[in-house]
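So that you can tell them apart, the chains are marked A, B and C in the order they are listed, and the count of residues begins at 1 in each.
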Amino acid sequence: MSDHAHASAHHIDVKEFHPRAQAAIHNPKIRQNFRKAMDGLMTKRKSAFEGWDLETLRDLGSNIRMRALANLPDLLEQLEAKLTENGIKVHWAVDADEACKIVRDICVARDAKSVIKGKSMVSEEMELNHYLQEHGIDALESDLGEYIVQLAEETPSHIIMPAIHKNTDEISQLLHDKTGTDLSHDVEYLTASARLQLREKFRNADVGVSGVNFAVAETGTLCLVENEGNGRMTTTVPPCHIAVTGIEKVVPNLEDVTGLLALLTRSATGQHITTYFNMISGPRKPDELDGPEEVHVVLVDNGRSSIFQDDELLDTLKCIRCGACMNHCPVYTRVGGHTYGTTYPGPIGKILMPHLIGLDEGRHLPSASSLCGACGEVCPVKIPIPDLLVRLRQESVDGDKLHPAKVRGHGAKRNSLEAMVWKGWSFMHAKPGLYRMGTGMAAKFHKLQPGNLGAWTKYRTAPKLAPKTLHQRMKERNT
Amino acid sequence: MSSRDTILQRLRNRSGGELRAPACDFSVLKRPDWSTAEKLGLFQKTIESVHAEVHRTTEMDWIEKLIELMAARGVQSLLASNGTEVGHRVTQAAAARDDFPEVRVYDKAIEQWQEELFSTVDVGITSTRGGIAETGTLILWPSSDEPRLMSLVPPIHVAVLYASELYSTFHEAMQKQNWRNGMPTNALLVSGPSKTADIEQTLAYGVHGPKELIVLVIE
Amino acid sequence: MADPIKVYPPKPSKVYFYGTCLIDLFYPDAGMAGIQLLEREGIEVIFPEDQTCCGQPAYTSGYHDQARAVARSQLNLFPEDWPIVVPSGSCGGMMRKHYPDLFKDTPDDVRAAEVAGRVWELTDFLLNVCHIKLKDLGKPATVAMHTSCSARREMGVATVGPALLGQLDNVELVEQVRAEECCGFGGTFAVRHPEISSAMVSEKVDTLVNTGAREFVTTDCGCLMNIDGYAEKNQQPMKGQHILSFLWQRTNDGNGEA
């Protein structure tokens, strides 16, 4: 297990959510880039599901995921057995550190110096690039968006579209500064230049590291969803392929991927299907002419087994990482992905990250939502995200004696002043006579109402107390 | 205790209630029984909408069509497979005709000619294991005869598809071909040329894989 | 789990009216309008005197003990099996959807679920239970509508407001872009994250103003406070009111109060 403290590559203090949010909101470029992108993604999703019985399809997605989770330990063992039978080596990692170390050890055993990477959010969770770099192994992202983000020394701002926070101008400037590409507004030219640079890297990489979208237990198959072909390159060209995946990605049957794939691509980018759906069930066979000679799978826990303990929080693990929740989130759209300071931003990040980093570290995440419900409405596997946000808010203030908090770092947001305010509020509202007296007095003295209500009146006028409450008017009416 | 056992034990000894596995009804994925013509129409419309090119041809004429398409693009070199029917037809034609581009056959391990493959081959031509009408998708099962990189590295990928092997949905294809009884080392669904929208949501083709996908449909 | 399909009850002779704390203090006219609309439909309206608040502010803030104490004080207010109508999607959603969760594993669980099952959002009730027919007496007007997120997603009544407004012959309903997006209120969210909330409401006001309408209606007083307050503070030409007030004003022939 972990033998050293894992230093963050980016030194982001998750707790500093507010200043980052404020900066993002006052950054017109960020606002514009996200608004434009999210509007496009929402429109595309909607049209991709036209003609579908979407509720029934979402039920299927939810059931597929729940059926998998209900048998998770058995399925993982079945997956392991089947992968092993297929010639794929299986590794287990309790946390990110251990997962990093496994990848490094595989590289060291092969005397590998360079790693090419396909898109993998789990590897972002692990901060694998940073780790490998520290241990003298070059790790290069090959997904165009990830490549851009890596060149900019940033982290992805969206789980599907990592460089969505940047516009063409910014990317052109970045490619120019870092790779010498001519400045251009021509996206095709910029893309072609990246192709050229990365093809060399694919050819010479010692190891390819990818993520996994679905791992099928019955056949021992790793499924990868992508458009660019970098995932296929990563998993085919280098002599060794390492797939890193969260333990929750396993499904029992091959059939299951048909339902999940139908939901995933349409929810994510509004595509009926992506360009490539890559199903890997083994390393190169003796008579085959290409493909990696070694394939490894690293099954990463990193907090997932804790989430698995709780019947309500368990739903978090149904996630198939489509990003629809962030695409539809009015908060994400305003503040962008980096504001969250976490690997996974947006609604899914708000319910997932507290388990990975602790609710003390992530104390502001569950509150950064108006609970509008857009995320839950579009979630292809019906994760009740708003309900889980409320649950985590409860946990963050230890707010329910009947259901004691469980998440690591719970209670960190509780402060005695706010607790007192709610106690006072409860005292008054649980006693109708007292409530009527208080509200009646407020109405009577409505003209003395203060105009300054802090954060509220910074942007809005104060709501105006009525001269008589509804209670008073109804009482007058009945007498 | 090993990490494996630690994880499995934590999962097995979970503190919550017993988890029930819900039934999964896949009938929502089912489509009407389309005729071959309907399936082909939908396949073509859908795959063309993502920038692929479809040419309807026949068993007799597809080589001719291929030559025409290659000539129009000024293709110099074409990669064919070693042991498939498609590869066989291509090498035969190449031997018989002088208007054919140079044909390379993928007959040695990638390590022996990787640079050549990456830098000199214009087109890879492969067979398919059928297609999917609903999503405009080709099914590819690379093999020792038809290795994985044929459909990935060359800038143009030509795929030969029999209209009679079109399925309505992915689900149907998988069931009818009984995939769960044995998967190849690598199976692929290909729906268009390689593309990205990572720069400001603007589509660009050929980012890592083929810039062009041409489907020859044999009716 | 799929949401249960809504089964509307037959039109009752009596209902409980749950006014909500925001209406009680800030928008009693909207409450009166709702009551009068119900009465005009021949329904006797019972206003339980001991109503205070549904408990939602504490609930969504994570203070479930306090929310439960307040909500428990409300559970006894509806002893007969009459429907409970609420002029708010948000408070309605709290009672209908969240009371069962809040009282799970408590002695009040059965009662809470029973009460929850009788809760209706008022416009939905008027349209789909009372089958109200509105006769427009007002001058031609153009109006925009903001349906609250809870009315839309928790109570599933997004089509109700437009349908009611559609009955008014002289009213043209115009739709703003991104109509389904949150206005940024979100209860305590508006004061916990004032910058984000204001960024949301400013865009909401912009889209409303861009419809050309100069007034809007909404199902919820939280949204109303937020949108109206922002427009007023920033001198935007947009004024809002609760949809119930609007409906009552347009159709009242002078025989009612308010």
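Here, contacts are C-beta pairs under 8 Å (C-beta built on N, C-alpha and C of every residue); 3 or more make two chains touch, one makes a residue touch a chain.
Small disclaimer: the values here were computed from a predicted structure and weren't measured.
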Centroid comparison with subunit C (C-alpha atoms), farthest chain: B
Per-chain CA centroid nearest to the all-protein CA mean: A
Interface with the most contact pairs, given as the two chains involved: A-B
Mean-CA-position distance for subunit B and subunit A (Å): 30
Computed distance of Cα centres, subunit C from subunit B, in Å: 53
Touching residues on subunit A, where the partner in the complex is subunit C: 18, 21-22, 25, 31, 39, 55, 59, 330-331, 334-335, 366-374, 376-377, 382, 387, 390, 393-397, 399-403, 413, 418-419, 422-423, 425-426, 428-432, 435-436, 439, 442-443, 454-466, 468-471, 473-475, 477
Residues of subunit A that touch subunit B when the two form their complex: 1, 33, 36-37, 40, 52-53, 56-57, 60, 62-64, 66-67, 69-73, 76-77, 80, 92-94, 98, 142-145, 148, 161-164, 166-168, 171, 187-188, 190-192, 194-195, 198-199, 202-203, 218-221, 227-230, 232-233, 236-237, 247, 253-256, 258-259, 261-262, 269, 271-285, 287-291, 299, 301, 305-306, 308-311, 314
Complex contact set, residues of subunit C against subunit A: 1-2, 19, 21-29, 31-32, 35, 47, 49-53, 55, 57-70, 72-73, 101, 105-106, 149-150, 152-154, 178, 180-182, 184-187, 189-202, 225-226, 228-230, 232-234, 257
Subunit B to subunit A touching residues, read off their complex: 2-4, 6-8, 10-12, 14-17, 19-26, 28-29, 46, 50, 106-110, 114-115, 118, 134-137, 142-144, 147-149, 152, 169-171, 174-175, 179-180, 182-202, 204-210
